[in-house]
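Chain nomenclature is as follows: A, B, C, D, E and F, assigned in order of appearance, with residue numbering initiated at 1 for each chain independently.
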Amino acid sequence: MLSGGLLERSICAVVGTYGTGKTTFALQFAYEGLRRGEKVIYISLEEREELLRATIAQKGWNMEVFGEGFYLLKLDPTDFNLAISSIKSELPALIENTGASRVIIDPISLFEGLFEDESTRRQEMFRLIEVMRDEACTLVLTSETDATNPEGSRYGLVEYLADTVVLLRYIRSAGLTEVHLALEVVKMRRSAHSREIKPFEILQDQIMVYSEASLF
Amino acid sequence: MLSGGLLERSICAVVGTYGTGKTTFALQFAYEGLRRGEKVIYISLEEREELLRATIAQKGWNMEVFGEGFYLLKLDPTDFNLAISSIKSELPALIENTGASRVIIDPISLFEGLFEDESTRRQEMFRLIEVMRDEACTLVLTSETDATNPEGSRYGLVEYLADTVVLLRYIRSAGLTEVHLALEVVKMRRSAHSREIKPFEILQDQIMVYSEASLF
Amino acid sequence: MLSGGLLERSICAVVGTYGTGKTTFALQFAYEGLRRGEKVIYISLEEREELLRATIAQKGWNMEVFGEGFYLLKLDPTDFNLAISSIKSELPALIENTGASRVIIDPISLFEGLFEDESTRRQEMFRLIEVMRDEACTLVLTSETDATNPEGSRYGLVEYLADTVVLLRYIRSAGLTEVHLALEVVKMRRSAHSREIKPFEILQDQIMVYSEASLF
Amino acid sequence: MLSGGLLERSICAVVGTYGTGKTTFALQFAYEGLRRGEKVIYISLEEREELLRATIAQKGWNMEVFGEGFYLLKLDPTDFNLAISSIKSELPALIENTGASRVIIDPISLFEGLFEDESTRRQEMFRLIEVMRDEACTLVLTSETDATNPEGSRYGLVEYLADTVVLLRYIRSAGLTEVHLALEVVKMRRSAHSREIKPFEILQDQIMVYSEASLF
Amino acid sequence: MLSGGLLERSICAVVGTYGTGKTTFALQFAYEGLRRGEKVIYISLEEREELLRATIAQKGWNMEVFGEGFYLLKLDPTDFNLAISSIKSELPALIENTGASRVIIDPISLFEGLFEDESTRRQEMFRLIEVMRDEACTLVLTSETDATNPEGSRYGLVEYLADTVVLLRYIRSAGLTEVHLALEVVKMRRSAHSREIKPFEILQDQIMVYSEASLF
Amino acid sequence: MLSGGLLERSICAVVGTYGTGKTTFALQFAYEGLRRGEKVIYISLEEREELLRATIAQKGWNMEVFGEGFYLLKLDPTDFNLAISSIKSELPALIENTGASRVIIDPISLFEGLFEDESTRRQEMFRLIEVMRDEACTLVLTSETDATNPEGSRYGLVEYLADTVVLLRYIRSAGLTEVHLALEVVKMRRSAHSREIKPFEILQDQIMVYSEASLF
C-alpha cells in the first residue's frame, strides 16, 4: 500500500485509538531499520525501557540488532521543561551525533498535551516539524485519536503537518460479534499510493497487512 | 480471550457504564487470587465493606478465603486529602507489608474526579501508574465510561495508561426487546490476544464468558 | 424482572424523561408499602400534596391506607436552604421517628440542581447516600434524563450511586406511528436479575409490566 | 387522544419547532373556550394583535365570539421589566377580574429567554407555575424546541413543570419527498391518555387530528 | 407551493447552506417585482453591485427593468456602525421615499453577526422586525444555516420571527453519486400552504420548482 | 463540471480534509496557467519550496514552465506579523508587478488560524476578499474542513465568501473495504454548473476527474 515503504526524509503520523497497535507499528518500523544496519532513535513518553524491551522480546525478534544502533529515550510526560528541551533542543544534536536515519516519538500526543493553550501548541509543533525537516531522517509520530472524531488525531495537527498519515482503527461488525483491525494510508505526499482499507493482524512477531506491498 | 488471564505485574483497566458488572469483575479477580493463596488489596471508593461482603456472600463464594489475605480499604470519595494520601503514599507501603500480588481500585474514576483541572489529574495519574509499575503486583482499575464516548473511560486516561483494557457494555437489540452484556479485550500489551466480542452473563457466583479461555 | 421486588435497605434510581411515569412508579411503590402496613415518607419537589392526592384518587386506589402511615413533604425547589436542610438534616430524624421503611424523593434531580457547581453537588450527593445507607429503609430516587444521553440521569450521578437502576423510556417506531413505554432494570447490585426490556402501560390503577415477576 | 380535552385547571405545554402550528393550536384552544362562553386571556410575545386577528380571520372563524371575552396582551419581548411584571404581577389580578378560565402564553420560550442565567430562569418559572396553580384556569404555554433535542423545549423546563405535554413535529420521509405534521401527547398527569403519534393537518379553519377524541 | 406567492406585507426567511441558491432566490423575487412595475430595495452585505449585475446578466434577464425601480445598497459587513444605522434608521425612510414594495436583505446573517452577544442580537432583530412590520412592503431575509442544525438559521432567530420560512437544501443520494436541490416551505402564517419538499433547479434564467404554483 | 474551468477573476475555495488532494488541486491549477503562459503566485503556508518542487517533479510535469512565471512565497505560519503583512499589504503589489493572473493561498485556514478571536478573523477575511476582488486574477484558497462538519471549512467563512466552492472528500464504503475520492462543485456563482459528485483519482501527473468537462 505504501508502495515500497515510507519515503526517506519524510514525516509519518500513525493515528489510532487505544489498542490499535500504534506502538507495535512504531517498533516494527524501528526493527526494520535496525535489521538493515540503520541507527534508530526511539523517544517513548509512555512505556518504560524494560517494558518496550519486553514487548520486543515477546515478539521473538532478534534482540542482537538492538543495542548497537538503538537509542531509547524514556521521557517523563509530566516534566514539561525536560520533555520540551529534550525534544526541541537535544534531539537534532542526537540525530547528528548518532547518524540515526529513523526517529520515533511515541506518542506525540503526550508531547502536544504539555502545552496548555492551543496557539502555543500549534506554534511549537510547526517549529518542531520545521527543525526535523532539516534532519536526514524519517520521522514517525504516533497519536491517540480525538474522542469525537475517530479519523483525526488528539489535537488535529499532525495529520496536516505529516507527509504520510496511517490510520489504524477497529471495525466492529454491526451485531458486535467480531472485531477487526484495519489500516488505511490516508495521505501520502510525493508518492502515488493505493487508497484501500486493509485488514491487518498483530501477529506474534509482526504486523501482517493483507496486501502485496511491504509496509516497512 | 485473555489467553491465560491477566499478565503478572501488568495494569488492567475495566471500563463500562453503570450495571455492566465492573465490581463483579473486580471481585472475581480478587477471589481467584485468594483461592490461589495470594494476598489481595481492594480499595473501594463506592461500596461499604459490609455491602461488598454482602455481594460476595450473595455469590455463594467461600468466605473463608477472605479474612486471611483480603485487605479492604473503604475510602471516602469526598475527602480529597485522605483519598489522595491513602492511594499515593500509603498504598506502596501496604503492598510491600502485606505482600499483595493483586490490587484493585474500584472505581479509579472517582479518584480521578477528585482533581479539578485536567492537567493536574493527568500528572497525578501518570505518577500513580509509575509508582505502581515498581510494585510486584497486578493492578485492576475500574472506570465509568464517558457520557459521550461509550468506548472511552470517564476521563480518557486509563485506557492509554493500562496494558490491558477490558470493555464491558450492553448490546441492546434494534427493537429494544433484549439486552446482553458483552466483554471485549480491546488492548493487551505484550501478549497475543484474541479480538472478539464475547457475550457474558453475571451468574449467581461468577462472570461466565462464553469463550474457551479462562478470564481470571 | 426484579425477582421479588426491590431489596430491603437498598437504593433505587428511577430514570426517565418527562411523561415516562416516574411519579406513577414512585406512588405505586409507596402504595404497595402502605397496603402491607409499612410507613412511607414521600418528599415531593414538583407536585403539590393536593395534586398528588388527585393522582392517587384518579388511580382508584383505596385512600384509607394513606393518612395513617403516609408522610408527605412538599419542598419548594427554589428555596435552597430549606430544601437542603429538610433533606440532609431532618430526613434521618423523620425516618427514625416514624419508623418509615420506604422513602421517596421525587425528583432527586431538582435537589441536585440546587448546587451550582459540580463538585459540591457530587460531594453532597455522596454524603446523602452515605447517611441514607445507615437508615433501615428502602430509598427510591426519581430523576429526569440528561438531554444528550437518554440512558443517563440529569447529572450523571445517581445511576452510579444507586444499587438498582430502573430506566423508563419511550420506544417510538421507525415510522413514528406508535409509541410504547419500556422499562429496563439496568443494574441491580447483590441480586441476580433478568436483563430484559419490558413494555409496560400506565393503567388507570397501576403500572402493568408484562413480565412474570412483580415489580413492587 | 386527550380523552375529552385538557383537564380543567391543568397546565399544558405545546412544544414544536417553527412552522409546526403552535400558535394555531393555541388559537384553537382559545376559540373553543370562547365558543362555549368562557373568557380567554391571550398573552402574545411574538405576534401583533392585528396579525393574530388576521390569522383568525383567515381561518374563517366567527369573529363575533371574540371581543366579548377575549383579552389580548401583546408584550414586547425585549422589554424585560414590563414583560416580567405583566406576567408575574398583573396576570393573576387580570384572571380574577375577568374570570378567565383559559390563559395562553405564546410563546413562553421568549419569556424564559429574558433571564440571562439558568438558575434565575428556573426559579422564576417555578414561581410562575406555583402562582398559576392557584388560579381557576387552564394554562397553555407554547415553546420552541431545543436546537439539539427535538423532543425538548428551548430551555428544558416546561415539559417537566406542565401536567400535559403536546409535542408537534415534522415527519420527513427518508427520501425527503413528503412532510407530515405529527402530534403526540407525551405526558398527561392525572389522566389515562392514549400514547399514539397522530398525523394532523392545519386546515383552513382548524387543526384536524386524525383520531376519535376531540383535542379541545 | 406558496399558493400564489408570498403574502403582501409579510416577512419571509430563506434559509440554506452555501451554494443552495439563496441569492438567486432573492434576485428572482426582486426581478418579478420589477417586471410588475414595483420598486425594489436590495441590501447586499456580501456581493458587490457589479457582481450582482453580472449575475443578473448571466441569467439573461431583461436588464431594462432594473435601473428604474431597483435600489441597491452594498453594505460593508465589517463596518458595524454604518451597517446598523443604514438598516435600522435609514431603511424605513428609503422605503417611504421610494415607495418600494419589495425589500431584500442578503444575507441577514451577516447583519446578525455584527452583534457580539446573543441578547443584544435578539433585541435588535426583534426591533428591526417590529419596524419593518409598519412598512407597506414584503421583506425577504436570506440566512446561512447553523453548522450543527441544517434546518435552522445561523443564529436561530429569523425562522421564528418570519411569517414564511423557505428552506433550501441539498439532497445527496446515499451512495453520494447525485446531488439535488430541494425547496421546502416549512412555515407560512396566515395561509394554507402545501407541505411538500420539491426538487428545484437553478436554470440559466430562473429557479424552476417542479410544482404547479408559482413561487414568486 | 465547472463548464470550462474556473471563471476569470473569481474566487474559488477548495475544501477537504487531510489527504484529499487540496495541494495537488492547487498545483494543477498553477501548472495549467503556466502552460498557457500565465504568471502564477503560490503562497504556501505549509510546504517548503523544495518539497513543492519535489511534488511537482514527482508528477513528471515539465519543470521548465516554472521559473519563468512562477512566484513562490513560503510563509511561516507561526509568524503572525510577517504572514499578515505579506498577504494583506504586499500581495496586491506583487500581483500588479508580476502581472499574475492566478494566485493560490495554500492553505488559507492556516492564515485564518492566526487570528485568535472570531470577529477579527471575520473582518480580516472580508477585507482580504474585498482587496482581491480589485485585482485582475483568479484566486484559489484551500482549507481544511471543520472537525464536526465535513462539508464546511475550518472556520466556516471561505465557503460563503468564495464564488466557487469545490468540496473534496472520501467516500468509504459501508464495510470499510474501499476508499474513493470524490469532488463536488457545490457552489458556482454567475455560472450554470452541473451538480454531480464525481469520483476522481490523483494520478502520477494529474487529477483525473471522471467527467466530460475539463477541471482546469
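Operating definition for what follows: contacts are C-beta pairs under 8 Å (C-beta built on N, C-alpha and C of every residue); 3 or more make two chains touch, one makes a residue touch a chain.
Because the structure is predicted, anything quoted here is derived from the model rather than measured.
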Fill in: Any chain in contact with chain C as well as chain E
D
Worksheet item: Copies chain A, chain F: same or different interface, half of numbers shared as the threshold?
Response: different
Worksheet entry | Identity of the chain that, by mean CA position, is farthest from chain F | C
Item to complete: Please compute the C-alpha centroid of chain C, do the same for chain D, then give the distance between them in whole Å.
Response: 30
Discussion item. With centres defined as the mean C-alpha position, give me the chain B-chain D separation in Å.
Written reply: 51
Worksheet item: So what's the Cα centroid distance for chain A and chain D, whole Å?
Response: 59
Item to complete: Quick one: which residues in chain D touch 2 or more of the other chains?
Response: 148
Worksheet item: Considering only which chains touch which, how would you classify the arrangement: line, ring, star, complete or other?
Response: ring
Worksheet item: Which residues of chain F touch chain A in the complex?
Response: 17-19, 23, 46, 48, 51, 54-55, 58, 76-78, 113, 116, 144, 147-148, 170, 172, 175-181, 202-204
Item to complete: State the interface residues of chain C toward chain B in the complex, per the touch definition above.
Response: 119, 122-123, 126-127, 133, 146, 148-149, 151-152, 156, 159-161, 165, 171, 182, 184, 186-192, 195-197
